[in-house]
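The same subunit A turns up in both complexes below, where it pairs with subunit B and then with subunit C.
Up next, the complex of A and B:
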């Protein structure tokens, strides 16, 4: 079951990379966060860790619900450009994505023997991190870059969950608060630009 | 309770910033002055002082850094009093600046005092995010673009730091459990770690994130452009305070990494720093305005601090850190006066001052400019002597003695380019161009004096004793 959702997690990154519309990108971010929340809940249930179950629930509410809602609302309110064009031609992206995944699988192999968890999970977390970086680089507009930053955060959260079975609860809560502060600041910046 | 006292002035400032009172612009600077009181109290306590179950620990190192940061914050507050006379800033932006400064200060205290990698990261992220809006207090299109740039590149850097922290945590969790996040415990048990490779990989990634945040290779011009686009007090906060929080983290992580493999840690950091210095020295040589010049010079000094630290010259690193934390914000804040007749005008900027206040301000700024390149009796002169001595001492213990000495000579040659440029600029400011009239307000003279006195304090024997006691 976890394998299935990790597969979906990675797939949402790949689809996001090829999205040409802002709302679709927000949708894929929400979907990505949804799979992340479910993975965290499943891992938490598997190892019987209440902290992970709480983290997973917060992820579902905050990252899959509230943040995409705020992002879409801001996009409408501040009339953000809905067409998002990529700087990297699609044929190069098609070559780049599998190369990153293969490279990270190779990179994660020795690491998994040290950590003692499934190497594919770590590989997918790291490849998702790199894919989020590409998403950030390939767009000129600011909105896709922000979504890429949030997806990068998701990739790191997955790495924390799979490589260490979750970080201490208060740290994860702190990270959630920071993400919320980031959203508030992003909104403020958009508002300032709209006022001007 | 002490943690509450430390963040209380910032909380008051944050709440006050939501009020609409005509005296708000006068009340907010006073709340900034209050941040010094709990920090001085903390500085006087016996160390190490544990705060809330070992999650935060006040040590001699972090209370020194916090004290320096609070003095810089007060200097910046002095400069803010007449900011409206120097630049076009709306009242709303001015109040918002204080609101985000409050958040920035809370983030800073959380990260500097943290004895836990996760908490350190949370504080650093909070401080980083709150500075984004401070850049935006300048309403220009350029500042808006740079605020977004800062947000994005800062996010990448901070994500890399978290990535590295997760790997370090994963490497130590099998032996320490959730306590693997604790800096002090991790250092104590570092040799028991079964997978040092994973720790080293984590350290490299954390360092990359920190280096990007400090404007090292390949982001050499990133920070300089942002500081150029912001108002000068924001640039002063960046150079004097935010970089302190990053350095504290680097000190923690590198001290543990050195315990695992000193040679590998030194080699990685040394090569990275040399590459950055190579680029930065030429960028400084070509810079045509004060803000970029000071910003790039800040990168140069961060390089030196890290280099001295990694070589075991702890006293040199901390002295250099203190001197840089006072001198660089002082220079950034002085640009308000220096650039009053044009942003890209350097010649004659130390001429045309009237009255004892103006003339003494010009003398102090001239001294700052010469002190930043390490001319005696600047504390930087002594820190560089001690720092390079530490590198030579380290080279003596290593197998690659000649390589290190050769690399050191190259580094000194690169530093001499920077030295030449600063002397050329000083001469141009002092002896060339027309003497255009410049006004120096009392608050500007006061911050210059404050930073001068603070820098001189670093030369006192008591300071030397204190700094030498931190790491033996």
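Up next, the complex of A and C:
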């Protein structure tokens, strides 16, 4: 079951990479966070860890609910450009995405002997990290860059959840607060772009 | 064995019905008065009695091509997966044979377009070649991953394996392969995001451009072939990617199978109503997504669920 949702997690990155509309991108971010929350809850239920269940629920509420809502509302309010064009043509992305996934597969192989548990998930986390990086590189506008930043954070969260069964609770709460602060700053940036 | 032949006959008979169903659903959703779903049969009858007009420039290919378009599809019908448990099926045929036969049919369709000697035919053929060449890699990757999930390369065996024991651990890989195959279904049959089957606008048509100057019996054959192609693709889709209902008793399984085919045509009609046609140079993007999903399905097969 966890495997299925991790597959969906990776797929939502790829669909986000190919989408050309801002609201669709926000939707795919919400979907991504939704799968991440479900993965965290499932892992938490599997190893019976209350901290993971709490952070999974926070992920579901905050990242899949509140942040996409705020992003969409502020994008509407500041009349951001709804069409987002990528610098990298899609033909190159088609070659880039599989090569990144295969590259990270080999990258994660030596690590798997060290960590042992769920070694194949590490490859997916690192590759989704790279995919978010590409999403950040390929767009010029501020809004897709910010969504890419948030997705990168999701990828790190997945790495923490699956590789080490969750970071300490304090760190995760700290990250959540960081993301909230980031959202506040993002709103200021949106305003900047709207003025320009 | 008798059931096997009856199934093939059923598929042959149901093929125009699905085309008519898609058309009538679309018209109903657009607030038009829908045509009867049996309209393709009436069209077929009408075309059979019409006169055969062939342009002066055309060679023997025009007389040969319609039969060569239809016959690979008829052979493919024999190789389709069984639709209920215990039915006879040809097990040794893998999906590559089916792809090859479908490509043979497409090849003769392109030749037919070129042979007429009009400008539209050549344009349609070049577009069809462009789309077909992009469909192929995604198709091969999808079939590999379905073969891996079903632990066999033969289409019939894969369908039986998936229906008796569905590998839940490979659900993600299965889903991506299904998505990729559905995009290919739309692309190969000339449905809306790739090609609009209803207009004869010179900028948009692909399939219609190739058969623009064909009439009478040959047109009837080609229309039959295109609806057969849809039925082949959708029955492959429902038996491989919705593998439920195979183990019911024979009449019920047949009913479920027809229901799934109708479901697929309804989904196609819904997509056609809700979407616009892609510009021709954006078609590679959609097919590229199909390729990436097929690839992702292979990768997730190895990565997840081991």
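Here, the second predicted complex is superposed on the first by the 191 of 196 C-alpha atoms of A that agree within 3 Å, B and C clash if a C-alpha of one lies under 4 Å from a C-alpha of the other, contacts with A are read in each partner's own complex, and residues count from 1 in each chain.
Basically, a contact is a pair of C-beta atoms (placed from the backbone, for glycine too) under 8 Å apart; a residue touches a chain by one contact, two chains touch by 3 or more.
Values in this document were obtained by computation on a predicted structure and should not be read as measured data.
**Q** Does the superposition put A:100 against subunit B (first), subunit C (second), both, or neither?
**A** In the superposition, A:100 contacts neither subunit B nor subunit C.
**Q** Please indicate which partner A:120 is in contact with in the superposed arrangement: first for subunit B, second for subunit C, both, or neither.
**A** second
**Q** Going by the contact rule stated at the top, is it subunit B or subunit C that touches a larger number of residues on subunit A?
**A** Partner with more touched residues of subunit A: B.
**Q** Just to be sure I read the superposition right, which of the two partners does A:192 touch: subunit B = first, subunit C = second, or both, or neither?
**A** It touches subunit B, and subunit C stays clear.
**Q** Applying the document's definition of touch, where does A:26 land relative to subunit B and subunit C: first, second, both, or neither?
**A** The answer is neither, since A:26 touches no partner chain.
**Q** Which holds for A:145: it touches subunit B only (first), subunit C only (second), both, or neither?
**A** After superposing on A, A:145 lies in contact with subunit B but is clear of subunit C.
**Q** Using the touch definition from the top, say if A:18 reaches subunit B (first), subunit C (second), both or neither.
**A** Touch partner of A:18: subunit C, not subunit B.
**Q** Looking at A:36, would you say it contacts subunit B, subunit C, both, or neither? Reply first, second, both or neither.
**A** Touch status of A:36: no partner.
**Q** Using the touch definition from the top, say if A:6 reaches subunit B (first), subunit C (second), both or neither.
**A** The second partner, subunit C, only.
**Q** In their shared complex, at which residues does subunit A touch subunit C?
**A** 1, 3-8, 10-11, 14-15, 18, 90-91, 93-94, 97-98, 101-102, 105, 120, 123-124
**Q** Name, in rising order, each residue of subunit A that touches subunit B in their complex.
**A** 110-111, 114-116, 129, 133, 136, 142, 145-146, 149, 152-153, 156, 159-160, 163-164, 167-168, 170-171, 174-175, 177-178, 181-182, 185-186, 188-189, 192-193, 196
**Q** Which of the residues in subunit B come into contact with subunit A in the complex?
**A** Residues in contact with subunit A: 103, 116, 118-119, 121-122, 125-126, 129-130, 132-133, 136, 139, 144, 147-148, 151-152, 155-156, 159, 162-163, 166-167, 169-171, 173-174, 178, 181, 194-195, 197-198, 201.
**Q** In their shared complex, at which residues does subunit C touch subunit A?
**A** My answer: residues 168-173, 175-176, 284-285, 288-289, 291-293, 295-296, 299-300, 303-306.
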